[in-house]
Structure formats: structure tokens, C-alpha cells
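Scrolling down, you'll hit the structures one after another.
Next come two complexes built around chain A: one with chain B, the other with chain C.
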Partner chain A sequence: MVNNDDGGLLQVDGLTVGFGGGEVVQDVSFSIAAGQCLALVGESGSGKSVTARTLMGLAGEGAGVAASALRLSRTDLLRMRGRQWRKVRGSQIGFVLQDALGSLDPLRPVGREIDDALRLRTNLSRAERSQRVLRLLTDVGMDDPALRAGQRSGELSGGLRQRALIASAVALDPPLLIADEPTTALDATVQAQILALLESLRDAGTGILLISHDLAVVSTIADNVAVMSQGRIVEQGPSRQILGDPQHDYTRRLLQAVPSGHPRHTRLSTGTLQISDRLPAMDSGESTSMDSGTGPDGESTRRRGGPLPAPSRDEPVLEASRLTKRFPTGSGSFTAVDDASFSLAAGSTFGLVGESGSGKTTTARLALGLTAPDSGHVRLFGEPWSAVPEQQRRPRRPQIGAVYQDPMSSFDPRLTVEQILTDAVTAGRSLRPARHRAQVKQLLDLVGLPSSLAARGPRNLSGGQRQRVAIARALAPRPRIVVCDEPASSLDVSIQAQVLDLLDELQREFGLSYLFISHDLAVVRHMSDQVVVMQGGRIVEQDTAERIFQAPEHDYTRRLLDASPRLAR
Partner chain B sequence: MTLLDSTRSRIRNRGAHNGNRRVGAVEFIAAAVALFLLAAALFPSWLAPYQPLAINPADAFQAPSPDHWFGTDESGRDIYSRVIFGARESLLIGAAATAIGVGLALVLGALAGLGGRLLDFGVGRLLEVLFALPGLLLALVFIAIAGPGVVTTTVAVGLSTAPGYARIIRGQIIQVRSSAMVEAAVVLGRSRAQVLRRHLLPNALAPVFVIGTLGVGQAVVWAASLSFLGLGEPPPAAEWGAMLSAGRTYLTTAWWMTFFPGLFIVLTAAASTVLGRGLQRRAVS
Partner chain C sequence: MAAARWLLFKALGAVFVLWAVTTLIFFGIRMIPGDPAEAILGGPGSQASAEALAQVRADYGLDEPLLVQYFMQLGRLLQGDLGDSYSMQVPVSSLLAEQLPPTLVLAFLALVLAWVVALALASWSMLSGRGAAVISSGLEIAGAAVPHFWLATVLIVVFSVNLGWLPPVNTGGVDGLVLPVVTLALPLAGFLGQVMRESMLNAATSPFALSARFRGETERGVLFRHSLRHAAIPGIALSGWAFGSLISGAVVVETIFARPGLGRTLLRAVTDRDIPLVTGVALVAALAYVVVMALSDIAERLADPRVAKR
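On to the complex of A and B.
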């Protein structure tokens, strides 16, 4: 009963997986041929990972799995029980997870990890196995395989770790490789290398099931795409067709949400209210607040819809000159930021791009006055900022706010949303919401959250809602500058789109200036007027967003741009 | 293959997480025991049929019977009544000693966690010296200096548990101090005092209450040990450790004199441990 319609390697027909009450995967069908890559695309909770796990017999305890066919070449996966699965895993299906650090044993050298599979499943001698391990490591592009084989996962960089994991997954030469978000946590250049590696495996005849929420990644490597939403496949076909001419609404929304070369201020999300629709509700409130048209110093900072006041446009709101920051290490010191100068103009966005370790976050901390520079200085609204003691900075802190990548850790876990915002509104004088309820409600309105969420703790919010609360908190003291450190990086693409849109609306509404940090070039391009590219603590290129992305001058910028996957339609 | 194991354990962890808040049978029993002990400490005369010090030589060395549930001692005193009346003393010593330990630890921990590098170094070395001595020995040294008695016993036990709590508090403070939550508060323009009051202390202290609950049981055992050595309440008093000590002489003929006070010490320690662990599990999830 081999299904040969399309050289079928994997055949899934009418797969349904349920846990207790609900079905998380419903009637999912697809097939993969040898040497072909199918991408399963969707947002968190759409059922893609459960589908992948089910194929490995790892749906979990209490999962009800049903399908009219679930076949891997000649093997009927539906009839697999317990021990039989072990013969399939590794030798028939290789599995690569997003979290390479968690998937590799931190106490054993990666060579041993890979050797495990060979030892258990083949009759190779010790010497043959070690040869094989070295060849696998070479195949996945490790520079010095003998050295790497002896290192533990903690000693490897993210990219090398992911390569080691892929090497262990393909050690037994499985005909099918399942890769669950294999590049999500990686820098652009490393991501490009991993994708190239997967591509070469595919070209060598391995069937690949790629699971990703990132359409740009998918478009570079997948032959076919299946779009999942709420447990169902809503659309499926060749990638060119799905990405170029999507038929289903959901697919279109996903595609639109990808920030790629839309002109600045183009909305990425649909369905949410525009800020101007929310504002009337605010006007009717008692209101002290945000839409009174005055800044903290009483001077007009914005005019709705109109241009910003002229004077503030010329003079930079934040100026960094020749900033250098070193951190002591075991021997000597590490220079996190090296002679960085830039200035942020009022009402504009200054994008800061670079890979991890390039000094972006340290730069943000210097701008916020959380770390003192070793040399150079930061000026805020023309006044010294980094050079004065914290006591003098404190009264001016309301002028500059911050939004972080992980809002959860920036909230006190004991407080509710209402208390968090009350604390922000009252400058820490009170947590009792009664007298400030109107202001808290305004803040929630402003970021598009229903006031019914006020009583919840941050743990009980979704990632997008949490980030909105974080934004609301940052705006409460009516800042004129907001430092955004990877504000949307941990979010799904459509949620990311909503958060980016919200930031954009708020900027125009209140004349905010953003220092916007991200490793994602497409996001930075979408948000920024000016862009700075950082590498190893140094600013390598600085220009308008348009020129950086159209005509990059520095090699590194060009490499970054080449590496970042673009949505090919 | 490790990646499969990690997936499996993740699934298993998820299952465990769901069961976290359920109150198990053991926890239920521990809570019942704790309530009973609390009632005994607050209203001993409701539960005890006899006076703890009432002597009745005719009834000496009675084995457990319907009249005397736990039997009688060498002077004919009812063991059950003495154990019930002893609860107050033991629990009070346990709670007070823990309070003293945590209080002292709070000062040391806060000094180390907030006072800058030099203070941290000083307190750290002091704690290491204290850790080098067994806790009970520390208590004995203190009693040797201050003389025996209930108050000294309590203070001694408190002192000897303080270093452990101090380390935990210091660690908590340092962890919370460098957290994103504190950074966010600083960015919002909060002063050190505000950050300390609103975020640092509450978040650093929450786990200490849990550990304190665990510690009460330990303190009761230590206080009983000191009484057993004759360093606590003087003899006729109904104190569990002293009763153990008194019964030791008659262990072969009247086992109940040692067994029941010992049983209550064990019950107290076990109940406080089970409840403490339960709290800990809930606090983490």
C-alpha cells in the first residue's frame, strides 16, 4: 500500500489531534515527497507544533490521535506503539527543535550526542563512528569539527549549536527531517547559513517539514506551503502561488503583516481600531492626560495630524557623543560600545540594527542613563544627562520611557495591570486604583486594550497584550522619548504588526521620538527614519533608512541585508 | 536521544504543573495536625482531661488505657494531658525562634544585599564562619554563655538558624535588585526608597515566609533537643524535650513515657514541613 502519487515520502490524511475537551488539530492533510520541503506556517497556538510532534509519536499523554492515513514511505505510523516508535525516530525521521540549548545535554560534548544515535542504531565500530561524527559536523558546516566535537553545547554559539543539533538529527540519514522553528532565535547571518544548510539537505534528497511563523524564512526554502490557523489548514499549495497570490483571508493578513518594503507609516495589521477612533472616548474622560496637547513642560508638543512644531525639529532631543563602555572580564575588559555618536531628532525614529553582541542593548542602557559611559556623554534636550548624578536625573526621568523585549520580567509579578498602571500614573505614590481609574482606563484605551483586563495579573495576558500594557506604562508619565529594545521580537508576526502599528500611531499622535532597537532589519526598516548599523560595539554605518537599505555602503551592512530573508513572491 | 527526552519531560512537566494547586491527602492531614496542635497550644484545658502537674502516685507507670490514653509517668501524671499542655511551650519556642532567626537574617541579608561590596564581603565571611559550626553547637555555645532557660533556648535556636535564612535573603535581594522589574521602576523615575519598599522587599521576602514555615518544625526539634539535654525548662514542666529526657530512664518498662512526646515532636516537624513544601510549590508556579 505504498502511496506513490507524488513520490510520497510522508502522507498525512485527515489528521485530528485532541486533548481532553478540544481538538487542537483538525482534519489536516498534506504530503511530502523526497527532496521536497513543505512549510507549515501559522501563529502560536495554530497547531503546527502538535502536528509535527504527532508525526514523531510525541503528541503527549492523553492526546487522542485519529487519521485516515499517516504513512512514512512503507510504514504506517498510526499503528506504531511505544517501543516501535524508537525505530522510526532518528532513523526514519530526524527532529530539529528551536531551542538547541535545551535539546542538547549541557554536560556532554556534542560529538558524544551525535555518536549516541550511531551507537544505538548502527553496527559501526568506535573508530568508524568517530569518523562519521566528524564528517557529519563537516557536512553541517562546522569549521573545526575535531575541536567542536569535544565541546559542550554551552561552549558553542547559537548558530554552531543549531548546526550540531541538525547533525545529530541527520546522523542516521533519515529520509524525513522535521524542523520546528529552527532559526527563530538566531541572528540574520546565522539564520541564512542554517537555511542554506537545510536547503542543501533537501537538495540531497531529504524531505523536510519546516515549521515556522516567519513567512520570509519560508519563502526562501519551501517548495510548498500549508497555512494553519486554529488547528486547520486553511490554504495549501506551491509557495510561489500561496505567497504571491493568496486566496484565503488569513493568509493575506499574515502576508500583509510582514514588514517588507512597505513605505513608512503603512499599517501592517488589520482589524484593530485606529487610534483616532479610540480618541473620542478619551476626550470625554475627565482628563488630565495625554491628549491635552501639551508636553511635560507645558509647551505644545504635537498637533493632531499636523506637522510638529518647528523649533523642536531642528534640535536633537537626545544626543550621544563618542560613547564608550567597557565591561571587565576575566582578563582585561570587553568593549561593548566603542566610540558611538548619534543624535535623535524630535518626532522621528532612530533605528539601531546589529546582531546579538553588537552593543545595541548597552547603547539603550546608556541612553536611558542606567549605565554610566566610560567616556563620552549623553545629552537629553540639550542638557547633560549621563554626566549628572542619578538624583538629578530622577526628576527628568518621566521625559524618557522604555519598552523591553520581555515585558513579563519588567512587571512586578505581584501586581495587577491596574496596579502597574496606577503606579505609573501616580509616579509611584499609590497602588490604589480607585482615584485614578479614569486615567488607567484612558491608558488602556490608548493602547487598544479593554478595561476588563485591568484586574488581571500580567501572567494571565497574551504576549501582545503584555507588550501593550508595557507601552501604556511607558507612556503614563508622558515621555517625549521612548527607547524600544526589541519591542516586538518575541511576538507572532500578526501581533508584531499590531504592536508596530500601535507604536507608529502613538508616535504621530504625541510627537514621540523613538530609539528603536532590533535585530530584524525588515522591522527596523519599517519603523525608522534614521538607521545606525552596529557591529562589535562600533557604528559601521549611519544614514537615512532609505539610503541604508537601498544603497548600503559598508560591507557588514551589505552582508546583513543579503542574509535577511526577504519575502519572495 | 536527548531531544526526545527533553520533549517528553516538557510534556510531563506540563502535567505536573496542572496538579500543582491540588491539595493532596498528605497536605490535608498535615493541615489537620497543625490545627489540632494550634488548638492544643491555645486552649489546652479543652483537650486535656487532667492537669499537667497533678501528681497521683497510686497511678504511677500506668500503660495506655481508656483512662489515661498515653499512660502515666513515674509520679502518676497523665502523659496525654502533659503532651497537650506542652504544645504551647514547644510551638511558642519554635515560632519565636524562627522569628528571631528570620529577623536577624533580614538585617544581615539586607546589609549584604544592599550595603555595597564591602559590607557584602564582611557579612558573607561572617556567615561562612557561622556555617562552619554545626547549628546546634552554636546554640550550645550561646547557652553556655547566657545560662540555661526557656528564653535562652529560644534565642539560641533563633541564632543558630539565622545564617541559613540570611543567605537566602541576600540571594533573593541580589536577584530582584538586578531584575528588569527594578530597572523598569528606575526608568520610571522611582527613588531608591520607593523601589526598595514597593518591589525589592516584598519580592525578596515572599520566599522567606515559605522557608520560615519549614523552619518552625526544625526549630521545635532543636528546642526539644536542648530541653532533652536539660538546657530548657526545668523538670516538672510539661515540655516535650524534657518529658523525653525524663522517660529515658524508664524506657524498658514504660515506653509510652518517651514514645508519645517523641511522636508529637515528629508530628509537628512533619506537619510544618509538608505545609511549607506545599506553600513552596504554589509560590513557584
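On to the complex of A and C.
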């Protein structure tokens, strides 16, 4: 490896990137030495990814790039043009994108994708290249490289896919590897494996630029941290110093937003108002926001009588006993949920953790009465729920609401926020917001959104705003139970913190019961009273959150806990 | 196992389609006014005597109730007997054997040309920037909108009458095939091109294309190794349907260019009320359609392993 005299591998000085209107990266400077990992941390839109892509000469169409220095070893990246850039890409800098499923061509075997890099920049024969591909796949920890090389990304699990993508990025042994959110959307155990892989590359002398919004991930691997906000680096230094003794306000806010180590019912976000300040007399008997049912003449014909009965702590609001659900596959069947029993106490949160494929979402659908169990049953407020026909369930549906991971796909993209909420308030009877404006405004207040957003479509909202609208929609029919399926998993830490805080406030304000599903143990711990751990459709452990996280009994729970990255300060 | 089940399912579907076509043709053609017996004796101009007509009706079973005639015809078809043509007094099967190949050649060449033009337009607009994209998109819309008879006329006027490069009618040689193939191919190319460019664009802007560029791949490499395959998939899926539309397009094109073939035979059979011949042509066209659909299904599965999983 050829290094500069000062040992620096990558030297970025005063980098500014602009697109037509404005500068999205301003005066950014950092350096990376061989065998070191620099983490670039910040929320979405802070300019992290543009910075990384600029280093590959692919900032985007119409990008104006300026810097006083942009050097990789002895190469001046500022002087690169078309053909020269292609010699840098792959052989000097490897790049791993976030979404491995989308980042590998679904029509081609992963071995061919890795082979491409070798074919473009080496003179190896076809046979030599296929040997190299197998060795690369072995190096990134694939169990059966010959088999994997012939498989397409759709046939691989999330972890194997990410390994294959990393193999294609390091095929030419580049001295610098850029990894853009390489473990987002991966399960804790898989994430730990991928981080270990990156760590071993770093220890073997590769410089790594890690881009992430997850500080816990960063703390496990980064030597240095640069915190980015609105296109500028606000603070940088050794990770111990940045994470342990942050100087900048923004860094502190990011750190506080990490849920691990925060006891239940403590706030993660700062700055927003408490619900009680926003909401005068929301739950009084005079409630208007929750009027539902509009007659054909358009007048409100029905008004729910008074406040709901106070939840009694003894009787479970939702009770699942011995639920089993199988799905037919090509040959035989796949058991998604296997003999699962649990009960949800009024006003409490029931956390459901497990890796992808462990049956969490199927359990949620069973609880919502959207999927019929093959055996076992669900009772809602002490009455049969899964066992009765849908016609009998329908009038009771307002009692149980749902918030999903990806609100975008759960909204009709043609509707405005106002229409989405009107639809929910009127139980699907009207999309005309005119008569329901007051209720819509109250719902928006409830989730802390300004009424000026009412006329926007879901596409023109940020991820956090969208999830707030989804929560408002779930609350519109005034449910007593809300099923939250990974409600904050697609959000940045700081936005996640706000959404989790909101859910917590709403729970205390209205005595809601949550069935809370997440693969993120820190989030579940922060939110839950009771926790079940699922593996392969079975409940392996069930206890209070404190006991599960303090003294896990089952091996699998322990493995999950070990794999979960913790903020090391 | 899964393949055998798939094949059985396809075969049953084909039998159903052929039965439905036979039935529709049988009842449909009897709604056209006129007497089939008269058609057998040479049409209304032949001044056939009442006895001759009665004799023909008895010979051909035309005096039986309609349902009886229908089942008699189904029975003959099950035995593989397509009957004799009313107007030409020869077995329908031998007429079809003579007329099918030229139409298949015409349709196949048109399909190939349409693919080449569509892929060329789509690739050009990928590699050569926005101007090329606007031009090729305009050409595609124009192509898809142009009717065969108009295009055929324009091509004849330009290339035969004015330039004298190509013959306006069939000569039996390759030069006579050029204008008919182009006439059939261009509208289809416009249609295929629109679909292909869409998925090519999606592929070229996807994260996997970006990853390929990050590996040092050229734009050309991204196109040939990634985008083209993604573009081909909807094209393959549409090709079965396209082949069917080419056969119906052949009716117009074969008539204009005076070419032998299934299309022209069908047109003459309908005007002559030649029931066995119409049925025969329709059955063959339906069979060709079913076979091509199955082939495009298989091709799609080979090109896109995700389809086979569904």
C-alpha cells in the first residue's frame, strides 16, 4: 500500500459540493489513514452520502465540486476525468451501498457481479477469476462459496447478500472502502457479523469510511468520528472523545436519542412540547375529534357516549392462546407462528423481539384479526376475536389500530394528509375534509404536526412526519390497543427518538395498550413492560422487560443481547 | 414435478382455447346473412337450381338442426378432419399446409425486426442523453400510432413507385418480403420500445447500476450487462401477445402486398362464407398463438428466475 508521507490515505480539505440552487456539502475536511475507520455521522439529508459519492466522482448530475485538496495516496482526485475515475472506482476505492438487495442485480448470480470487478481491472483468465471469486466469498465468511457464487441476490438472506456486496467491493483489494449505512435494516446478530467483517478488513490495513446514523454501530468500530449536520462537519475527533464527551449541541442530541440505557418513560428527544401543553382537554367528555359516523345527510348522527371505561389492570385486553399459523410452500408448509401464547395488559406495552422471519409480523396480523390462525385463538377484551366471522369483527375494529414500519406504502399516494385523516375519522365514509377540519386539526395537534401540513401529500412529508400521520390515523377511531410493527425502524435515531417519545406520551395520556414489535432490542427495552422473544415462530422466553434484559435465561436471548451494539463511551 | 404440472395446465388451457374458438366461429359465421349451400355452389351469382341446393344441403348436413351440425363438426375436428373448403373443393388441411409457412415467416421476421428496432432506440436513448431520449420516444409514439394500411401505402409510394428499390407486390424472392415485414414491424417496435425504455431507465438508475459504476463499470457496460436484460423481460412477456397481433396484421398486409398466406386466405374465406376454411384458419391461428404464448412464458422464466418462484 502506498501512503503519503504523513501516513494519510485519504485527505479531504475544504470540500464543497453544490447542486444548482445551494450547497449540500460545505467546507468539509477530514482524513483517513490506512487501517483506520472514520465514521461520518448525521441525520438523513446532512450531506454524508453526497460527500462519499463525490470521492468516487459520482456526486450526481450537475454537481459542482470544489476543494482545496482531495487526495487518495498520491492521486489527486480533483484532476480526475471520465476514464481516469473508472480506474479509481473499484481498484482504489470500494463502495458498499446500504440496500444489498437493490445493490446487486437481481437477474445475475452474485459471483458474476464480483467477477465484473476483476474482469474490468485485471488481466486474469476466466478460470483464475472464478478462483478469486470463490476465495473472496470465503474471505467474507460465506459457508459454501461455490453454491453462493451461482445464486442471485433474491435467493440469499440479508446477511449473505451484504457479504456478497462487500466481496464485490473489495475484489480488487482497494486501499479505501466506503460503506454507506452497511448494516441498516439488518438483524442485530447479522449486523454484528457484518461489523466484525468490516473490522477484520480494517485490521488487515484497509482504510474505512463508514457512513451511519446509528451511533451504537459507530461506537463499536470507528477510530474517529466526524459529526455532520446540514452539510457541515460540526465536530470531529477520536470516537471515545466524541461519544464520551461531546462538545457540540447537535452531537449531544444525537447521543441522547439512542434508546439504550434510557429507562422506560424517559424522554429521548429534546425540544418538542409535551402533549399536555399541545392539547387542551383532549379527553374530556366534550370530545369532538373522535365523533365517528356521519349519516347520509352529512350530519353527525352518532356520538360515542362519554369517556371509555377506565382500564382495569387485572383483565388482559388482548389474549392469544396457543396460536399456530402455517403457510403452504412448494412442498409441505412453513410454520410461521408455533404455539404462541401471551396476553396484553391494559395500559401496558408488550414487546415482541426476534430476527426477521421469526414470526413477529404474522403474530401482529393474527392479533389484528387479519389472518386466521390454524389453531389457537385470540380474545379481545375478553370476547372471542379470531374465532368469529369478519362481519362480527368489523364493528369492533375501531378498538384496535395499527402503525406499520413503512407508512409510505400504507398511504394512498394520491390523498392529502387531510383526506387520509378524514377517511380514518369517518371510518371510510368520506374523503371530503371540509366538515371534519376540526377533528383533523385536533389529530394533527395530537401528534405534534402543524395544520399547515394538512394539504400535502404523503410524498412531500419527511419520514418522521409521515410516521406521525400514520400514528394520527391509527388513533382517529379512538382505539384502546395499537399494534406497532417496527414503527421507528426506518427512521434516523433522532427522529426515531421523537416518534418513540410521542408513542409513550400518547400511551400515558389515553391509557393505550401497545403490542410493540421491533428487531431493535434497545428500542424494545425502552418501550416495553413485558417482553417476549421469538425464534423460528416459537416464543423462547417471556418475562418482564427488566428480567429479560438483566438476566436472560434462554441462549437465544443471550445471543441477541450480545450481538446488539451498545454505545461504548 | 412442478414443470409437469405447469405443462398439463398449459395443455388444458390450449384445448379450452381451441374449443372456444371453434364454437365462436361456428355460431358467429351463421349470423352473417346468406345461404351456405349457395356458397358451396359458387355463390349467389351461380343461379343454382332448387334441387341442386337441396342436394348440397343433404350432402353437407346443412338441413340438420344447428346444434346437431355443431356437434357433428366437433366430432370431425376431434378426429383431425378439418373438412373440405366450400369454395375451392380441396381439403382445408392441405390449403393450410400451403398458406401457413409464408405467414409464419412474415410474422417471425417482423417480430425480430421490431425487437431490433426497439432495443436500438432504447439503447441509443440511454447512451446519448436527453435529446436522443426525446427523439426516440417521439418515434416510438408515432410508430405505435400508425395503422398498417397507411404505412404500407406510404412505403410502396416511397420505395417502389418513387425510388424503385423494392417491388410493391410479392415476387417470391427476399426483396418482396422487405416492405411487408417493415410494415408489420414498425408499429410493434414503437410499442415494445416504449415498454423496454421504461424498464431500461429503471434499471439504469437503480442501486445495482450505481454499484456497478462504483466497481468501475462504464455506461456501456451498465447497459449491456444490466439494463438490457431488465429491458428484455417485459418485451418477452409481450411478445406472445405481439405475435398474435402480427397474425391479424397479416390479413391487411398480405392483401395489400398480394402475398400468399393465412391472412389473405382468411379474408377470402370469410367473403366466400367458406365455413370449414374460416374455422381451419382460426384454429391454426389460435394454436400458433397458444404455442407462442407458452414459448414466451418459458423464455420469461429463463430470463427472470424470480418469475419461476411465483
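Note that the second predicted complex is superposed on the first by the 533 of 569 C-alpha atoms of A that agree within 3 Å, B and C clash if a C-alpha of one lies under 4 Å from a C-alpha of the other, contacts with A are read in each partner's own complex, and residues count from 1 in each chain.
The criterion applied here is as follows: contacts are C-beta pairs under 8 Å (C-beta built on N, C-alpha and C of every residue); 3 or more make two chains touch, one makes a residue touch a chain.
Please read these numbers as outputs of a predicted model, since none were measured by experiment.
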Message: Tell me the contact category for A:370 with respect to chain B and chain C: first, second, both or neither.
response: first
Message: One more residue to check, A:107. First (chain B), second (chain C), both or neither?
response: second
Message: So in the superposed three-chain picture, is A:58 touching just chain B, just chain C, both, or none of them (first/second/both/neither)?
response: both
- prompt: Which partner does A:404 contact after superposing on A: first (chain B), second (chain C), both, neither?
  reply: first
Query: Does the superposition put A:202 against chain B (first), chain C (second), both, or neither?
result: neither
Task: In the overlay, answer first, second, both or neither for which of chain B and chain C A:87 touches.
output: second
Message: If we overlay the two complexes on their shared chain A, which of chain B and chain C does A:116 touch? Say first, second, both or neither.
response: both
Message: Output check: A:154 vs chain B and chain C. Expected answer is one of first, second, both, neither. What do you get?
response: second
- request: Between chain B and chain C, point out the one touching more chain A residues.
  value: B
Contact residues of chain A, present in both the chain B and the chain C interface: 56, 58, 89-90, 95, 97, 102-105, 113, 116-117, 165, 168-169
- line: Within their complex, chain B touches chain A through residues 1-4, 6-8, 11-12, 14-15, 179-181, 183-191, 194, 198-199, 202-203, 206
Statement: The residues of chain A that touch chain C in their complex are 56, 58, 86-91, 94-95, 97-99, 102-108, 113, 116-117, 120-121, 152, 154, 165, 168-169, 171, 330
Message: Which residues of chain C touch chain A once you look at their complex with the stated criterion?
response: 2, 206-208, 210-218, 221, 225-226, 229-230, 233, 303-306, 309
Message: Quick check on the complex: what are the chain A residues that touch chain B?
response: 53, 56, 58, 60-61, 89-90, 95, 97, 102-105, 113, 116-117, 165, 168-169, 368, 370, 394-398, 400-402, 404, 406, 409-414, 423-424, 427-428, 431, 473, 476-477
